[in-house]
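Pasting the structures here.
You will see two complexes here that share subunit A, one where it goes with subunit B and one where it goes with subunit C.
Moving on to the complex of A and B:
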């Protein structure tokens, strides 16, 4: 059985309970306390220590006097997609990234050597390295941050494990458990896809421009175990229109490299000949 | 609380959040439901999935607006115009639920001829006594002016409500012994002075055009909402309203709720599935904190505190003053005597009036904010701050901090070091100049102690202790119990009569668990058992006496004791704690926790059936009369005498609910009817009228009277007001809370702090351009009271509104600032409370924090929050114990 997430953005209210539940269960530190000014999003993006991230997409009409009734504010809880063909897994030289018994893409922290090859190999920009020294802030008696409290499990790549440890004992991943509106649904991927297709049909019948992202799209990454229901173009959600597995670019890369080598060799040869002539 | 209480009988949400899934339409106003109650909001989302229309009316486009079907912008502080216009539209277009209205409300009652409306008096009702007329009732009561109608007679600055009454008919008593007066009715609704026609006239100028002019809400949006409400109400369909502190925190807050109550009665949505008014509480256990109150003027179970200003100096006089002749409150003596028995045990006997003398009597407005002023004036020596943080979330917060400088000592009980515990080292203050001794006692969090929590559904849910608290941290219950024990020890040998209450107080709650017992922890179970009530067996502690199973078993002869009658039934025997029940189902879930009263989930549910006891429609079936079994049946506990036939006639002159007929669903009311017109119980009017906020940027578009004439204010140097239409403060300021933060509890949690790490101000792009503010810049926001700094969040979600009419029509900018911040923790920022002057609603002393006026500029603030409140105010501004004064009549501006 493959397990995964169906994240229905039409049900998301942007409460960020998923982000907090994820960090709490996985004992991930806060990333800092910087105000971004980017709507209600102050954690920015998925990263080594942020495995769920709620994006806030505001679209408000610019025209002067445009009624606020035309506003749209969409929230989406982003997460590792657990691709069928995972770029990070292909790039991993140590075999640290595996597909586990739940068919999810999993980084074994004790095998990972922190080389970072997986980071640019993810078509979605999900994986990141956890710093060697992650400051886990704790409050000292005066209410200020105690910077001496250092968490030591840095130096490896980090991303959503689909709560592997919870799944092992039959628990629902922390984010799905915490979601108050069932925007994040966890379960068998085939069942989730059935449910999602029905949901799309239902929403479309109500006039909502709904579509699935990561299902039946025949991209090189294949279907996603964590897929999304969107109501706009993927780009609006900071998702690639058609994600590409980096290794699919290899043949073209090899050919162009071979052509370049051949070309250079020919030029060299020609120069050599002229000189010797 | 009195908004719902005077309309329906009880100051609690009329329904439960799980029932919102049955709504066909949900109007959310005065609440940011999705952000502030995200878990309960799942039921709104489910209703939406089932096809319900979700409407959100709010000054800001929030996360609630984002998922609503219809969003209507509104100028903060103008909701009574919007809701009043809905009332007017329903009446004009005859779209109200006529059968429901005639049968279950006081629409047909005839109002007295000498009643004069705001239409007659340009914004005043009849009976106002000018504030300077201190001899109005023949004696000088100016000292108690802040206390309004709670005094025995009307006092200056308040209304004499004798004209806000109904005409009466004399009818024979049910037992033939003479006659009794009952309200005169005209069920044809033709009489010009019947309530519904008085309302027609009162709201006649509350039109869609007025909404556009006063609220800035587009006319089409208003009409769309009006149609949605009317289309989704009636026999076949129901609409629910949801509000929170966005409606309550105004100087006319109670009347906001009244307007909504009138609407829901007109639409026939009270007591019916998918209907009701969902009062969303601002904090966990706020409901519990009014049930078993931390309020100065109320005792457990909504019994009024005895008052020195009324004739309540003996038990008999007190009972005469507070007992209602008809309706459920006719039982008041049983609950009062049982409460005294719970407080004083065997010391409360029939011969000593059940120790009624031991109760303190109130002598003025001792609510939080006047107390704070008195503290600032040096009239208070000591202060207990428990689970509260006035230095950060207080109003005129710098005054709250400066007030603490004047204390001799202060006790702060909290799970975190709060800004209130550390007021003495706040910005701009030299700690060596402050003499206050601060005792900080760490208290355990909810997981570290046992007890109940009462949520917005009036649902008591027990929580067990999961872990021991670290170090010396103890439960609040332990700390209070210890305080009581030590006071008892201190006064044990006293012969002074004033110490008798402490000596006589029952204070015996030994813990069942030996380990907890050794720690000195009292048993929360035994406290709840006492609250539930028991049959008194002299000489035995309460926990050894047999429990009562319902408040109907309580008596006024001293044979029963109950610490909070409304919770009776939660602990019906020694083994059964119903608050611990955890069996849910798809709807009413009667075996999940215990909802007061009597485990009823939906209040006034008799109204779900028509006067004959049949469901209004198949689709909206809830409770109904079963003629075979001769009782009310349905998925809930009937909020009605269980075997009283719908055809039972009223018995004029009988006591209690016997005076009601079988078709009077509002059992707590004198007449069993929903009140469209409230005859005298509220201080600012029998019908809601729109008054501008104290700090408004516009003139009242409806009346010459600008603000609520009965609101309470302090005109002092340390509490300056911007005043009306002050050109120095041209922008509307509104406040709110965020999902990610609550206050001190969340600002110390890294995972929550990183999500909203800094105080910000939401600003519309037009204003940002005008003021050269870029997104992310520091901005300073100021009122006459002080200044704060915040990061600018420029967003098109904020839109300026067009207000006014004709050539006066202009753009009004609204600025939103969240309430959650303070100087401690990881997420820090100035407290918006610093900018909010004290001005109170006359009914419940609630402050006006949701709508203010302000100015804004780019850049950080130049000084501390507010230096001048630290200065003592001139002697002529100091009032007795912080008493406020009534606002009075407004003169038209020149």
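Moving on to the complex of A and C:
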């Protein structure tokens, strides 16, 4: 059974209970105080120690003379997408990033060596590096706290675990548990997809421009275990319009490089071996 | 349940409920915030890309050059490749923060991760390279002569070349297999010009050492001619990449960084040494100057590629529709 999230943005009220619940359960440190001026979003983005992020899209007043529009204030709780074909997992050279028994993408912090290759390899900009000590105590496979864990350079990669530890004992992930409007729904991905498709049809019949993001889109990242119901173009929510699994570019790269090197090697052979004979 | 069309037929007729333009459209981006995360790679990775290119290129040259005709050049190549193969892993280990974590790379062999392939390629490469250095040292009388049997040339030299070609170009594949728009759109160009630049750098580094240690004019001249071929191929590929990338290439080719790339890599590192090589000037200092220029150009290329790649993560429009 694959477990995941269905995040229905039409139900989100921007309370940030998910952000708080995630920080509390996963013992993630605060991000500091920063004022962005971007509606109520002072969190900014997902990061190594921010595994839920509520985006606020607040429309500005109509330009003078422009036809009047209904103002909108849209919220979305963003999270790691737990892709079917995950860029971070393909990139990881240590095997620290695995697909666990719930079909979710999980970073084993005691295996991760902080190389940082997963960070630019995520097509959604989710993974980032964090200080090692932050999550080591909770997830070290042998349960001990390592003195070396107190180390501020490099650290390990961090992202949503889909509350692997809570799922192990049958609990709902912290964010979904805390969501007061059921904007974040947790469960079996196939069931969630059925529910989401019905919800989209219902909203569309009522005139709402609703669509699913991360379901049946035939991109190289595949379906997302954490998918979204949106009411606008994905880019407005800082989601890529067309995500691509970066590792699919490798064959073209290796072939091109082989051609270039072979060509030069032949020139070199002619130069170094034939001429002075 | 009552719906908007029942509550307000007017609003419904105006299209408010149909969403056909009366609702304010959502903006094109999310406050222009970056959509992607950038790598934390700093000078260690830039230096590795630079030295790794020279290392791979020197490995390739080991098999291309003719040891019988040019024993001096061959000796130089074997020692340079060995020195770099001993240094480069240390730089990579350093960038991990905690060195012992390098061992985590060795718990898995993964075709689909260019970084995993690179680590194993580096380890595989170091075997024939070490054998080559031992054989050379034995023939040079630095270590007991019988140790030269550790260097079966017909086996190790082709291996050095093939693995060297891989080491010199996989880093380009590694970069393009990320989500960063600049690197992604260069999936063919970056591995190719990186490989060419590595080979040119290998020629420059070895001719520099030969010039400083009194190597033969003929070896230096051949290296310089081969370097010109590789460097001009690199220049053509860089130019084609610029055209191919369009506005996604701006972080690399526009503004002050683009000017630096043109100055240090295209003009200083490629065109000037090529001009020097056809001018009727001779002498060791010409070689020294032109090699140093080529090497600076190679470093600036890697630095520009990494820093511009990081900047390209900041453009949400480029990151939204990702190159195939």
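The working rule: the second predicted complex is superposed on the first by the 224 of 277 C-alpha atoms of A that agree within 3 Å, B and C clash if a C-alpha of one lies under 4 Å from a C-alpha of the other, contacts with A are read in each partner's own complex, and residues count from 1 in each chain.
The rule is simple: a contact is a pair of C-beta atoms (placed from the backbone, for glycine too) under 8 Å apart; a residue touches a chain by one contact, two chains touch by 3 or more.
Keep in mind that this is a model prediction, so the values were computed, not measured.
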| item | value |
| --- | --- |
| In the superposition, subunit B vs subunit C on subunit A residues touched | C |
| Partner chain in contact with A:31 - subunit B first, subunit C second, else both or neither | first |
| Contacts of A:72 with subunit B and subunit C, given as first, second, both or neither | both |
| First, second, both or neither for A:19, with subunit B first and subunit C second | first |
| First, second, both or neither for A:180, with subunit B first and subunit C second | first |
| Touching partner for A:42 - first (subunit B), second (subunit C), both, neither | first |
| Those residues of subunit A which subunit B touches in one complex and subunit C touches in the other | 36, 62, 69, 71-72, 74 |
| Subunit A-touching residues of subunit B, taken from the complex the two chains share | 34-35, 38-39, 41-42, 45, 61, 63-67, 70-73, 218, 221, 417, 422, 739-740, 748, 750-758, 760, 766, 775-776, 791-797, 799, 802, 824-827 |
| Partner subunit B, residues of subunit A touching it in the complex | 11, 13-17, 19-20, 23-24, 29-37, 39-40, 42-43, 58, 60-62, 64-69, 71-75, 136-137, 139, 143, 145, 180-182 |
| Subunit A partner contacts - residues on subunit C that touch it in the complex | 3-5, 12, 16-19, 21-31, 33-41, 60-61, 64-66, 69-70, 95-98, 101-102, 104-105, 107-108, 110, 112-116, 118-119, 161, 165, 168-170, 172-174, 176-180, 183-184, 187-192, 194-196, 199, 218, 222, 225-226, 229-230, 233, 237, 309, 313, 316-317, 319-324 |
| Residue numbers on subunit A that touch subunit C, as the complex places them | 36, 38, 41, 44-45, 47, 55, 57, 59, 62, 69-72, 74, 87, 90-96, 111-117, 119-129, 132, 148, 151, 153-155, 206-209, 231-244, 246-250, 252-254, 256-261, 263-265, 267-269, 271-273, 276 |
